[in-house]
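Following this message is one structure expressed as structure tokens.
Labels for the chains are A, B, C and D, by order of writing; each one numbers its residues from 1.
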């Protein structure tokens, strides 16, 4: 693909990712998904400030690592700096989702560690840290470069992070990986909550989790899931 | 805007608020949303007695602080006096929602205090009192001026109040604020319930809550959410 | 209304009641709603054996107190005798719903008494007995007159009864009452479950429950709810 | 029916079973349903590797007991060997569903035995074993003949089995039985979870369960449920 084709294909995928994650209940009026610019690793693509289900290709804008918008004049998301600093800190990351999925929130406030209990969430095999270093005056949003840097440090090399009383950050090597990871992180939280109410669950081991991730991220599995999610978006009208 | 335009715009918004809160599961066949008359602060707008999803502009009627209907002959809601007395007691309040949202009800009967645990419910940072001074013969509805006055006193200067075995009252400075507050009060109850089953949660502080409220009530955030909720109403029908 | 008009209006209402309770998640492929024949109190109307959402006016058949079908040749429900014996034992009952609503089932097997905790379920103010006298060989279905008589005795003069590991029976003076009672019995079970996980809830008193029932069964309230449920059935198709 | 008619009718039913179980929330992008070839008991029918909701008649392929595809060139499911080895070990089994239904997962990791608590799940009256002999490197998927053989042994003569951190296998004598069993196994898990949170539930006895199974598997009951599920699939699209 030419650079223009890759950019246009990434934008198309990003719009779908927003619609999918809204349709699957991971995002509501808030939260966002971004992708690194395939043509320039120091930039990323993120919608203007609209609800994820209403994101359009035209509204996707190029941002730099300071969170500045480079190509359009629409109002940007307040938390774009969160994406910016993670792309800066993590060259391996190609896509990011920030969401407030309800099943995750209890794990952000209780000290109970969220960890893979089902094979579909195996990609989080090396842990999901909890960030709780926010300044009260920011209203728990991540709107300053310094706070976004702290979040990026807390995330380290992991695929997911929770923010106390706020939500999650999920990162990956492709937009599809991030969508799958976000969907099954919330599913895992549901199962883990219930299992812990019932007794002392046996979690999946890091080795099992990593092997499951490798199976689930094969193109045939990831593509099957993507087609399913897209069909659900399309068939609802 | 002229007075007529403001009135007509408020009625239009009120109809949408009813449809939104029904569609989001906050209202079912019962509950209601009202708005103060923008042209006369001693009056408020409330639908005739129909289910919120079936409210129409034509059915919205002007009521006074005694709950009397001023301009139309449709049958009014039995609990209109609840709205009347809160508007009388609270000049700052421009809109009110009364709902029976299921996640709230356990907090009305257990003595467990409902309080902000997630940033989207930060607007309730100064507390959510529980009203339990009803007379048995009223069937737990608020149908007398004296009882409505007691509810208004229990509410005080707060943004939300629970009524034992019945539901909630949510107030705000705009219809949009009341819709957002009602949606996230129920969401907060879901998260708090689960977090308390898991352990001893860390709630958000009043300072964090107030700062979050200020972020969430910015026109760009409130407008984004409103567009999302309206789109969900429109796209289902 | 003439007898023919009353019969036809009851059948129409019964079809809607089946569709409503299916749409509201109270019935799935199983369960049924019946009504006494307005022209002959020793007969009742019940669909042929199809899923409630697929009930049609043509499929509604007249049954007598032995469960025999009087007017049509379609295959009847196996549990029609349950309806028959309750109509026989309770001249005040004009309509019956038998359902397996999921939130009710835990209350059928744990010895935890289901009782009104929210005003919308006030109609169950005098208690909800649990029936557990089935013969193992019947597979927990109520298919014999003797077992149906035992269920009717366990129900006594109440508005609702649970059957261990099976479901519920809800009765009332009109089809509309039975629909409202069935919807809010399940809603009450949801709230009560959660409240009991949180602590020791304050239930509504029999006096409060009865007063709430009287408010909720007023034609203006029952009619408002009916219109809402019908609109939800119509607007999904 | 001729052999060709039986094959074509089984394929049609299999496509519907996939769509039904997806629509009822038992399957998502993953999981699958298969049926034994009515013309050759050493072969079975299973879709190519697509999400269950997107299965088509054209995509259904014949597989043998080694999991090899016999008639088409589409990419097969990685876990087809799981189906193959159960068909080999269990000549009585005519259909199999493998699913990851969320309510089942906590029972796979906690040592809490899942067992019939409601009559609709009576078919599992003789127990539901838990399989936990996977090799970490397989990522919890069943992709080797030796592991599939171990699963088949753990299943024994039962109708259902859970796999730790992964999901369930449900088998039966017809596609319809497997659909009904899969739907109510998840429903039973929901009820059992809640009942165990509330106290010490009374489960249904093996005798009650078996009798209930016989009632629920009568053609009139199974057919009623099948028509209901098909109607839900059709009426949403």
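Operating definition for what follows: a residue touches a chain if its C-beta (ideal position, glycine included) is under 8 Å from a C-beta of that chain, and two chains touch if they have at least 3 such contacts.
Here's who's who by UniProt: A, B, C, D = Class II aldolase/adducin family protein.
What you are looking at is a predicted structure, and each value in this text was computed from that prediction instead of being measured.
Rounded to a multiple of 5, the C-alpha superposition of chain A onto chain B involves a rotation of 90 degrees. Interface of chain B with chain C: the two copies contact each other largely through different residue positions, with under half of all numbers used appearing on both sides.
Centroids of chain C and chain D (each the mean of its C-alpha atoms) stand 32 Å apart. Centroids built from CA atoms put chain D at 46 Å from chain B.
Listed for chain B are residues 197, 236, each touching two or more other chains. Contacts from chain A toward chain B in the complex involve residues 28-30, 49-51, 53-54, 75, 78, 100, 102, 105-107, 109-112, 132, 134, 136-141, 164-166, 193, 196-197, 236-237.
On the side of chain D, the complex with chain C involves touching residues 116-120, 122, 187, 190-191, 194-195, 197-205, 207-208, 210-216, 220-221, 224-225, 227-229, 231-232, 235.
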